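Chain naming follows the written order as A, B, C, D, E and F, and within any one chain the residues start at number 1.
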Amino acid sequence: MKESLTGHVLEPIIRKALAEDIGPGDLTTSSILSGEERGEGRALAKSDLVLAGIDVFITAFRLLDPTAALREALVDGTAVRPGQTVAVVSGSLCALLSAERTALNFLQRMSGIATMTRQFVDAVKGTGTRILDTRKTVPGLRVLDKYAVRAGGGTNHRFALYDGVLIKENHVAAAGGIGSAVQRVRRRAPHTVRVEVEVRNLEELREALDAGADMVMLDNMDVEAMREAVLRAGGRIPLEASGNVSLANVRTIAGTGVDFISVGSLTHSVRAADISLLISPEPPPEG
Amino acid sequence: MKESLTGHVLEPIIRKALAEDIGPGDLTTSSILSGEERGEGRALAKSDLVLAGIDVFITAFRLLDPTAALREALVDGTAVRPGQTVAVVSGSLCALLSAERTALNFLQRMSGIATMTRQFVDAVKGTGTRILDTRKTVPGLRVLDKYAVRAGGGTNHRFALYDGVLIKENHVAAAGGIGSAVQRVRRRAPHTVRVEVEVRNLEELREALDAGADMVMLDNMDVEAMREAVLRAGGRIPLEASGNVSLANVRTIAGTGVDFISVGSLTHSVRAADISLLISPEPPPEG
Amino acid sequence: MKESLTGHVLEPIIRKALAEDIGPGDLTTSSILSGEERGEGRALAKSDLVLAGIDVFITAFRLLDPTAALREALVDGTAVRPGQTVAVVSGSLCALLSAERTALNFLQRMSGIATMTRQFVDAVKGTGTRILDTRKTVPGLRVLDKYAVRAGGGTNHRFALYDGVLIKENHVAAAGGIGSAVQRVRRRAPHTVRVEVEVRNLEELREALDAGADMVMLDNMDVEAMREAVLRAGGRIPLEASGNVSLANVRTIAGTGVDFISVGSLTHSVRAADISLLISPEPPPEG
Amino acid sequence: MKESLTGHVLEPIIRKALAEDIGPGDLTTSSILSGEERGEGRALAKSDLVLAGIDVFITAFRLLDPTAALREALVDGTAVRPGQTVAVVSGSLCALLSAERTALNFLQRMSGIATMTRQFVDAVKGTGTRILDTRKTVPGLRVLDKYAVRAGGGTNHRFALYDGVLIKENHVAAAGGIGSAVQRVRRRAPHTVRVEVEVRNLEELREALDAGADMVMLDNMDVEAMREAVLRAGGRIPLEASGNVSLANVRTIAGTGVDFISVGSLTHSVRAADISLLISPEPPPEG
Amino acid sequence: MKESLTGHVLEPIIRKALAEDIGPGDLTTSSILSGEERGEGRALAKSDLVLAGIDVFITAFRLLDPTAALREALVDGTAVRPGQTVAVVSGSLCALLSAERTALNFLQRMSGIATMTRQFVDAVKGTGTRILDTRKTVPGLRVLDKYAVRAGGGTNHRFALYDGVLIKENHVAAAGGIGSAVQRVRRRAPHTVRVEVEVRNLEELREALDAGADMVMLDNMDVEAMREAVLRAGGRIPLEASGNVSLANVRTIAGTGVDFISVGSLTHSVRAADISLLISPEPPPEG
Amino acid sequence: MKESLTGHVLEPIIRKALAEDIGPGDLTTSSILSGEERGEGRALAKSDLVLAGIDVFITAFRLLDPTAALREALVDGTAVRPGQTVAVVSGSLCALLSAERTALNFLQRMSGIATMTRQFVDAVKGTGTRILDTRKTVPGLRVLDKYAVRAGGGTNHRFALYDGVLIKENHVAAAGGIGSAVQRVRRRAPHTVRVEVEVRNLEELREALDAGADMVMLDNMDVEAMREAVLRAGGRIPLEASGNVSLANVRTIAGTGVDFISVGSLTHSVRAADISLLISPEPPPEG
C-alpha cells in the first residue's frame, strides 16, 4: 500500500501519547543511561499478521530523537509470518527505550485491525462485496483505525458525522417520514455527500427508494430479507448490510448480493498483533 | 465502586472525542431536527458484562447539552445481565443523537476491560494473587483504561514511565549489572517510587535480591521456575509474573505463590461490551 | 432559520478571538470601571442587511460574563432595515465594553456574507439553480462563513478536502486520464462522498460522463458551452458552473440550466454589514 | 519591505488553517497520487495588486512538505501588474495540491488589504497625514491583517485592548468626566502606553486637552469641526480622524491637518486580490 | 483594591497548574475519601504580609468542585498580621485536599510579591517617585506577577515586548545612533506606545532628548549622575532609574527626583508569604 | 551532571514563555533591525552560583532561530565564580535580542534553585542525610524546578499527587485511623509507589510503624523528638524531617539521624542567580 499518513495528522497524536507515557520523565532510563548511547530496535512479528502503522512507529522514535531512522521496513499491508522482521530502527538508546511502549501500542493495534480486516476481506473474496468499517473506533485514534482498515484491504465508511448522512429511525420519526427526512437533508447538507437511509424491513426499503435515497443500510435483516432487498433495489443504489456480522456469517451475507457489509468489530474489538521490539546497544564509534 | 473520575481529567478527553466525530457539524441531525426536541436514551446491556464508564457516558451528553442528566444508572463495577438497563439519560434529542456513538464507544470499551478483568480476578479468587494491568493501553485513554481495570477488580501497575521504575535487560547492560543499575536509580529517582527489576531466570533473581530491589518481575518464566523464585524470595519482596498469561493458565500461575500477575490483554485486546442505546423522543410539555 | 450553531463548535473560536483582543487585560475598562456596573447593549443595523451570527454575538459576551443574556434578538436569516434593532444584550458593563469589538467583528462579517448571498439567491430566483459557496473562506472561520451562507439562503459546497472529491486537471494528469482518476478515488475514498470532476470543455465533459462522475464542475466555460453541456448531461448528473461569477452575470448563467453556481466572492471578498452597538449603563438596583 | 513575520507567530495560525481544510485527509489527492511526485506552483497576479504574505504562502507548503521552497518571489509591498509572477514554489506535488487553497486564502486576503491600504496612502500623499488601521480585523488573523496594512504603507493603531488606551463615551460616563477617566487610567495602566480620548465635539476636545490626554480621536466630526479642532490642539498632541472614511473623502479629511485617519474598511471589508496558482508536475529525475 | 482578574485569563493558567499536580489522579485522596465528604479550609497568615491572589486561590478549588465557595475573604492589597484569617473556603473535602498545594503555591507567591512591593512603595512614600516592576517574571505567570505588584501598590512597566518600546545599546548600534533608532521605531510601531531609550551616561541622555524620546531609562547610573539627569531633563519627559535597586538604597535614588524606579527583584526573587491552610471536615447534614 | 532534559518536555514550556513575552511581535527589535544581522551573546555570572538550565537557555534562542547554537557552555551543576562565562550563544541578532529576557528568566531561576540547594547539601555533608525538595514549586515549571534541585545535588521528593502517597491528618481522620488509611491506599494505589505517613508526635509514629507505612514524615517535630523517632524506627523505614528548615538549623536536624530533610524554600523562595547576557553584533561575512 503506497499511501502514507502525513506528518501533520500523525504528530499531534503521537506527541500526546508520548506525553502520556513519559510525562515529566522516564525515571528508569534517565537514571541509568547517559544520553550518549546509540542503539537499534528490531520489531519482530510473533504471530501471523498484516502490517499497519510503520509511519506511526518510526515517528514515535523520531519525536524523541530527530536522528532516529528506519534501517529497513516492510510496507503497510504486507502479510507477515511469525519470526519475520517488520522494521529496524536506529537512534539514541534512550529514545528507543522511552518510546518503545508507545510505538508498539500503536503498531500492535493498527496491525491487529489490518489483520482482522484482511480475514473478512478474504472471506468474501470473489463475491464483489466490500468490507466497510464503522464509527466504532477508539476515541482520538479514528484516523489511524481507518487507515489500518484500508491497509487490510477494507473500505472506509463515512469518517464522521460531518462527511456523510445516515438517516436513522429517530431522524425519520422527527421528520415524520423517510421522504420528509431525505428532503430536509437535501436542503441543508452539501450535495457532495450521499444520503443513506437505515431501514429495518422491506416496507421501509420501499419508502427509502421512493424518497430517492442514495444508499440504504439494511439493519439487522435476515438473509432472506436481504436477498429480497437486493432484488427490489435492482442495482439502482448500493445496499449495505449491517449488524452482527462475524467471520462465520460474512460470506453468506455477501452471497445475498449486497454491495457492502459493515463490521463494527474491526475497530471496537481489536486483538493486538503480537510484535515485540528487540533493542540492542550499538558499540560506540571507534577513535 | 464508589470512586469517581473527576471532571478535569475526563472533560478534555471527551471534548476531543466529540470534536473528532462531530467536527463542523452532524449533517443528519442538524438538517432534520429543530434543536428544541427533548428525548431519553436507555442504555441496555445485550450480553453479560461488568459495567465501567458511567461518568464518561453522561459527560459526553452533558458537553453537548448542559441540561442532560442521568435519570438512573448502575454503579461502575456492577455485574450486569443481558437485557438490564445500565443507565437512562435525558436531554436534548439532538445531543442524544449526536453524542450517542461517542458515549457508547467509551462505555463499551471501558466495560469490555472491566468484564475481562473480572474474569481474571475470579479465576485467581482465593489465591491471594492480584491481577495487574500494564502500560499496553490505547494511546490517549490510559487513565480510562486503568480506571476500568480497577472497576473490574484489578490492580493498577505503574501508570507510566514517571511513577515507577522497572529495570529491564537493556538498562542492566548499560549500567554494567543489576546492582549498579539499582544504585543509579536510587541516586536519581524519588524515593517515593519502588524499584522493580525484570529477571529472566533464577540467577538474575539472586542478583536483584542482592541489589536490594523492591520488587521483581519474573519475565516469561515457566511455572517450575516461578515456584522456585517464590521460595528464594521468601516473602521479602513482592514478585510479579509476566508474559503470555491467559484465562487458561492464570490460576496455575497464581498457584506458584507470586504476589501479582500482569496481563497485557486486559487493555491491548479489548472486546467491546455489547451495549446499545435506545433513544426515544419525549412528548413536548403540555400547555 | 431555526438551525443553530452548537457551543462546542463556537466556543473555542470565540475564546481565541477574545484572547487575541483582550490578552492580559483591557487597560481602559479595567482602569476605569469597578466591575460591579451592569449595562445594556443594543445592536442597531445601519444599512440594509441579512442577519447572521446572533449565537456568536451573544456567546462573545457570555464567555466574559456568564450572566450576560439576550433580552431580544431577530433570528438569523432575517432581512433587516437601517435603524432596526437586531439584538439587545444585558450583562456586566465591563464585559459589554471589552467584548464589543470581538462580538461585532463576527456579527458584521457573518451578516455581510448572508447579505451578499441573499443578493445572489434573489438574482436567480425562479430558475431552480442554487448558489454555492467555496473553500475560499477566511482561515479558521470556515464553519461560521459557511453557516452565514446558509443563513443567506445559499447552499454549501463540500466543507473541506475531506468530505468531498473534486478531481482537477493536475489529478487527471497524474492518473493518466479522467477515467483512471475516478477509478482510483472510488477505490480509496468513502462511498459516502460524491466524485466531482472539473472540466474545461465539452470533450472533457464527455470523458467525465463516461467515467461515471457523480457531478461535473464546468470551469470558466462561456455561456454557449454551458448550455450545450446541460444538453449533453441530460439531467443524469448535476452540473456546477464556476469562475468569474458576479451579480451582473449570475442570472444569465442560471439560464443555461446548470444546477449549481459557485461564487467565491461570497466569502473571499466580504463587505462587513454596518451594525453598531449602543452601550448604556443600567442604574444600580435600588435598596 | 524588509520586515518579516517570524515563524513562531505564523506557524500555529497556518497549522490550524491546514487542519481546517485537510482534517483527516485530502481524499482526492491521496487517492490519486503516490506521494512521490514533485511539482512546481507559479503564483500569478490576475489584476493590479500590492503583494503581502509571501512568508505565509510558502510556510503553508512547508508545513506539509519540509522540502518545499521558494524558487523566486517578489517582496511584500511590491506593486504588481496583471500577468506578473509573484512567487514560484517547488515541492511535493501532493503538498502543492493539498495546501494550494490555504496558501491562496492567506495570500489573497493579505494582498487585498495591502492593495486597498496603498490606495488610501496614495490618496493622502503629500499631506503628512498617515493612514491607520483599526481593531476591525478578522478574528484570529489580526497579526496578519495588521502586517498587510504595513506592507501597503499604512500605520498600525494599537494592536488590541492591552497595548493602548482609548477612552470612549461609556468610560467617561462611568468615571464621571474625561478628567477623572484619564486620571484613573494613569494610575493603573503602564506609563508606556499613550492615553487617547474619543471626542465628538469641540467641547469634549477642550476637556480632553485639559485632562492631559496624549492623543485625541475625533469621532465622526464634520470637516469644519475637524479643521477647528486642529487649530485648537495647536500641535500639542496628535489628532486622529475616525468614522465613515472612504477613498472619496479621505484627501479632504487629510486637508484639515489631522495627523492620522483611521479606516475600518482596510480590514473589515477586504476584497481578495486576484491571484491564481498554476501547478505543474516535474518530470522525475533521470537515471 | 477593587480590580479583579477575569476568569478567561485565570482559568487556563490554573487548569494547567492543577493538571501538573494532579495528573491522572491524587492517589492518596482518591484512595481514602469517598468523594461525598464536605469540608472547610481556613487560610491563615503566619507572618506579616500584603495579600494578593484571592481570586486565583478560590478558582483553584472551584475548577475541581464547582460548588466550592468563599465564606469570607480579605481583599487583595490588605496588610495582614500573623494569625489573621485571609480566606475561608468550603467545598468538597476531596477538592480541598487535592487543590490545596496548587492554591497555596499561587497565593503565597502573589502575596510574597505584593508584600515586597509594599515595602519598596513605603520606602519612597512622599517622594512622588513610583515603583515599577520589570519583565523579570516567572515564565507563564506574568499576568499574575504584575497583578500582585499592583496589589502591593506598585506600578506596571510595559507588559511585554509588544506593548512598549525600549531602545537598548544593541538597537542603537544597529541603527547607527539614538536618533536614527527612534525614527525607525516611530515609523513602524503603533503611535499608541511610548518610545523609551536606555542611556548609560549624560551624553547619551542628551542624544535621547534630542531624538525626541518619550521616556528615558537611566541604566546603572550613580546617584550624582541621576541627579544631574533630572536637572537636564527638566521635567520634559519622565525618567526611570534602573539597576541594583534595594530597600537600602531606594529612598536615596528617589531623592534624585527620578519619576520611576524599576525593581527586578520584586518578581525575580520572590519570598513566598507564609500562609497555611487548615482543612477540617464538615459534619454531614442531618437527616 | 550529565543528565539532560529532553526537548519534548522543554519545548512547550519555552514556546509558551516566548509567546507571553513576544506576542504579536517585539516592537523595538523588529522596527530597527533588518533580520539579517548575526550576533553573539555571552552569559556572564555576576555572583557565585551553581549553574542549571543551559538546555533551556539555548532552546529559547533556537525556537526563534533554528540556526542558533552554543559555542561554549559549562555543564549544569558547575559551581561558577563571578565574572566567569557560563555560555556563549551565536545566532540571529533579532533572536538574541527578542529571546534574551525569556532565556535569562529561566536560567536565573534555575541557577538560583541549584545554588541554594547546593548550600543545603553542603551544610549536611558527611551526615548521610539527603536534602529533598517539595511540591512548593512555581505552577507550570515543576519539571524545571525539580531538575534544578538535582543539578544542585538535592534529591527529588514525589513529583506530584500521582506518583507517591502522603497520608496527612485529614486523610487519617477520614479513614478513622492511620492503619485504615494505609490499608485503603494499598488497595487502590499502584504497588509501585511507596506509602508515606505524616506524623506529628511519637504516638502517631508508632501507629504508622504498626500500620506498615513505607516511610514517615516527621512534621514540625523538635530535635529531641526527631532523635527519639530515629531510635524507634530503628532503620526499618526511612524518616523525613519537614517544617521550618533553614541553613541555620539544617545540620542540627541532620544530626538526629533522619534520612531526608525536605526544604520548601528551595523552590518557593528562590533568589534569582545574577547572570547577564552581553550581546554583540557580528561583522557580516566578507565577500
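What we mean here is this: contacts are C-beta pairs under 8 Å (C-beta built on N, C-alpha and C of every residue); 3 or more make two chains touch, one makes a residue touch a chain.
No experiment lies behind these values; they were computed from the predicted model shown.
**Q** Going by the average position of its CA atoms, which chain sits the greatest distance from chain F?
**A** With centres defined by C-alpha atoms, farthest from chain F sits C.
**Q** Tally the contacting C-beta pairs at the B-C interface and at the D-E interface, and name the larger one.
**A** Pair with the higher count of C-beta contacts: D-E.
**Q** Between chain A and chain D, what is the separation of their C-alpha centroids in Å?
**A** Roughly 44 Å, centre to centre.
**Q** Taking each chain's centre as the mean of its CA atoms, how far is chain B from chain F in angstrom?
**A** 33
**Q** Between chain C and chain F, tell me the centre distance in angstrom, where each centre is the average of that chain's C-alpha atoms.
**A** 51
**Q** Using the touch rule from the top of the page, what residues of chain E touch 2 or more other chains?
**A** Where chain E meets two or more other chains at a single residue, that happens at 3, 22-25, 30, 142, 159, 162-165, 188-190, 193.
**Q** Following the definition at the start, I'd like every touching pair of chains, please.
**A** A-B, A-C, A-D, A-F, B-C, B-E, B-F, C-D, C-E, D-E, D-F, E-F
**Q** Please give the residue numbers of chain D that touch chain C in the complex, ascending.
**A** Touching chain C from chain D are residues 13-14, 16-17, 20-33, 37, 39, 93, 97-98, 101-102, 104-106, 108-109, 112, 135-142, 160-168, 170-171, 173-175, 181, 184-185, 187-190, 193, 264-265, 268-272, 279-281.
**Q** Taking the complex as given, what residues does chain A use to touch chain D?
**A** Contacts found on chain A: 2-4, 6, 8-9, 142-143, 146, 159.
**Q** Write out the stretch or stretches of chain E touching chain D in their complex.
**A** 3, 150, 155-159, 162-165, 188-194, 196, 215, 238, 260
**Q** Applying the document's contact rule, which stretches of chain F touch chain D when the two form their complex?
**A** Result: residues 15, 18-19, 22, 24-25, 30, 34-35, 63-64, 94 of chain F touch chain D.
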